[in-house]
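What follows is a set of structures for review.
In the two assemblies presented below, chain A is common to both, partnered first by chain B and then by chain C.
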Partner chain A sequence: MIRESQIMKIHYVTGIAALFVVAVHIIMRLIMPFNMSLNYTNVIANYHNIPYALLLESILILIAIHGFNGLRIILLELRQNTFWERGVTFFTLAAMISVIAYGTRTIILASGL
Partner chain B sequence: MAVSEKKEEELKSIISINGNIDRNNREGLRGWLNPSRYGWERVSYWLQRLTGIFLLVYFIGHVYETSSLTGGLDAWNAMLQLTQTPWGHTFLLLVIGTSTFHSVNGIRLIFTEAGRGIGKPGRPDYPYKAVSLNYRQKSGIWVSLILAALAMLYGASVLFGGD
Partner chain C sequence: MSLEENKKPTEQNEKKPPKEILLRVFRDNRQKEDNSGHRYDTFKVSTQRWTTVLDALLHVKSYQDSSIGIRYSCRMASCGSCGMKINGIPRLACYTKISELQGDTITCEPLANFPHIRDLVTDFSQFFTHHKEMQPYIHNDMSEISDMKKLSEFKQSPEDVDKYLQFSYCIKCGLCYSACPTVATDTKFPGPQAISQAYRYVADTRDNSTKQRLKIVDDRHGVWRCHFAGSCSSVCPKGVDPALGIQLLRGHLLSFSKNEKKIAQLQDRSKNSEI
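And then the complex of A and B:
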C-alpha cells in the first residue's frame, strides 16, 4: 500500500512533468496558424512522428494520473470512512486506466503502428 | 460549569452511534465552497479544486474528441465543425485561463508543502485574519490570477485574431 505522502509526491511530480510536455504540445499547435495546424493531414503527420506520438502518450499518462488522483483527493476531503475511501480509490483507478487505454488506442491507430 | 456542559454536548454531537468520532466534512459542499470566513487562501483553495475538476472534464472530452481521427477525414472534419466555432473558442479560452491558474497556483502549493513562504504561526486575535501565509505566498495567488488573465488575452489573439 502506498502512503498518502508518497501519492502526493507522485501528484506533484506528474503535475510539473505534465506542464513541460503540454507546453511542447501547445507549441506544436502554434508553429503554424492555429486553424491550419488542425488540418487532418497535419494532425495525422504529427501522429506518424514517433517521438511526438510518445510525447502524446506521456501527456495522456501524466494528466490521467494527476487528474484522477486530484479527483480522489477532492472526494476524500468530503467524506472519510473505509467504504468511501476504498470505493473512491477503486473508481478513480478504473476511470484512469479506461481513459489511458482509450487514448492509447487512438494514438496507436492514428500513428499507423 | 455551564461552559463545560456545553462543550460536553458539542463533543457528544460529533460522536457517531458506533462510538467513532465523525470526521466527515459536516458542512458538505456548502462548507467546502464557502470562501467568506477564510479570506484569499480559501478562494485559492477552491479555485484550485474547481479548475482541477473543470480541466479533468476537458481532458476526458479532449481524448474523446481526438479519437475521431481514427474515423478518417470526414469524422475529423465533423468534430472540427462542432468545436471550431466562436463558442468552442470561448470554451478553449476558459481552458487556457483555468490551466494557467491551476499550474501557477499548483507550483505555489508545492512551495507551501515544502515550507517555503509560510509565515510564522500567530495568536488568533480578533478579527481572526489568517496568518498562515506571508506576502510571498499571498502574492503567488495574485500572480496566478494575473498570469491566467494574460494567457487568456494571448489565447484570444490567437483564436480570434484570424489566420
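And then the complex of A and C:
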C-alpha cells in the first residue's frame, strides 16, 4: 500500500507544478484584454492550439490531484474511524478521477481532435 | 561603599507590600452523579513578587478550600506534573510567577486536549500511549545487556549530541500536546511531544532503527498532519522546539535530510578496513 510520505511527495510536487502552469495560463490570458480572452471564438481557438490544450490538461490533472488530496487530509481530521477513513479515501479518489475524466473529455471535444 | 550605604533601601531592594489577586479556579468532577456542570470558584490570595501560581493554589488549598484537585510534585519545573491553562495559555503552575501575568485576576483551568478527571487534574494515559508508540529508547544490538561480550561503549562527538540534545530536555508535561490544534481535532495524531521524541531517537547516532521509527510516524494520522502552527514550541517550558523536530522528521521522510547515520557507518567501515 502507498505510504503517506509518498502521497505527500505527490501533493507537494503537484502543488508547486500547478503554480507554474497556472502562472503560464494567467500570462496567456493577459496577452490580450481580459474581456477578449473570454470571447467564444478566442476560447475555441485556444482549445485548437494543441500545446495550450496540453497546458490546460496538465492544470486539470495537477489541481485535481492536489485539491482532492487536500480535501482528503481535511476530512481525515474530522473523524477517526476506519469506515470514515476508507470512505473519504475512496470518495476523493473517485471524485478526482471523475473530474479529470470529465475535464479531459471537454478539452478533447473543444479541441476538435 | 560603606555598610551604612549598603543598608539604604534602593528601589530594587525595597520590600513591596503584598499584592492581592483573585484566583479563579475551574471546578468540576466528571465522576459526580448529579452532572451539574463546571463552575469557577474565586479566591482572594495575597502574593509577593516571587509567588508562583502553584504557591497561590497551594495556599488556597491549605487555608481556604482543601477540596481543590491539583497535581504537582517537584515545584521546580522538572517533573512536569502541574501543567494547566493559566489565563488561557498552557503553562507549568510552578514555573509561572503571578507578577509576570497581567491583571489582578488569574484563571486556572485544566489542560485542553486531555480527558478531564477533576478540577485541574487531567488524564495523561492517551498522551503516554502515544509516547510509548514511538519506542522512546535506543535500539542497538551492542546495548543488549544479556550478551556481555557484545557490550561496548558508544562514542559520540559533541556535534552528534547537539543534533538531539534539546529534544532530550522534554519533561513530558503535556503543554505542547494541550496547545496543539491538530490534537484538538485528530485524536489519533501522536502530538508534538511524541513526534519530537521520535526525531530525538532518529537523530541519535547510537540508535539503529531509524527505518522502524520513520514507519511509525509515516502514517495517515502521523507526522504529515501537523499544521505547523508552532504553538507547541511557544508553550514549552524547557525550550524544546517540537515543531522543528516535526519538520526535520518530514525532511527525513522526504529524503531531503542527509542520512548522517549511514554516512557515519560508512566512514566507520572504511576506517576499519584501512586498519
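Basically, the second predicted complex is superposed on the first by the 113 of 113 C-alpha atoms of A that agree within 3 Å, B and C clash if a C-alpha of one lies under 4 Å from a C-alpha of the other, contacts with A are read in each partner's own complex, and residues count from 1 in each chain.
Note that in this section a residue touches a chain if its C-beta (ideal position, glycine included) is under 8 Å from a C-beta of that chain, and two chains touch if they have at least 3 such contacts.
Treat the numbers as computed from the prediction; the structure is a model and nothing was measured.
A.B. asks: Given the touch rule stated above, what does A:L60 touch, chain B (first), chain C (second), both, or neither?
C.D. replies: After superposition on chain A, A:L60 lies in contact with chain B alone.
A.B. asks: Quick one: name whichever of chain B and chain C touches more residues of chain A.
C.D. replies: B
A.B. asks: Applying the document's definition of touch, where does A:R3 land relative to chain B and chain C: first, second, both, or neither?
C.D. replies: In the superposition, A:R3 contacts chain C only.
A.B. asks: Determine, under the contact definition given at the top, whether A:M28 touches first (chain B), second (chain C), both, or neither.
C.D. replies: It touches nothing on chain B or chain C.
A.B. asks: A:A17 contacts which: chain B (first), chain C (second), both, neither?
C.D. replies: A:A17 sits against neither chain B nor chain C.
A.B. asks: Does the superposition put A:L78 against chain B (first), chain C (second), both, or neither?
C.D. replies: both
A.B. asks: Which residues would you name on chain A as touching chain B in one complex and chain C in the other?
C.D. replies: Overlap of chain B and chain C footprints on chain A: residues 8, 12, 77-78, 80.
A.B. asks: Using the touch definition up top, name the residues of chain C that touch chain A in the complex.
C.D. replies: 182, 185-188, 218-222, 224-225, 253-254
A.B. asks: Which positions of chain B touch chain A when the two form their complex?
C.D. replies: For this pair, the touching residues of chain B are 23-25, 28-29, 32, 49, 52-53, 55-56, 59-60, 63-64, 66-67, 69-70, 73, 76-77, 80, 84, 99, 103, 106-107, 110, 113, 158-159, 163.
A.B. asks: Quick one: which bits of chain A touch chain C in the complex? Just the residue numbers, please.
C.D. replies: Residues of chain A touching chain C: 3-5, 8-9, 12, 73, 76-78, 80, 85.
A.B. asks: Per the contact definition, I'd like the list of chain A residues that touch chain B in the complex.
C.D. replies: 8, 12, 15-16, 19, 22, 30, 33-35, 38, 40, 43-44, 47, 60, 63-64, 67-68, 70-71, 74, 77-81, 99, 102-103, 105-106, 109-110
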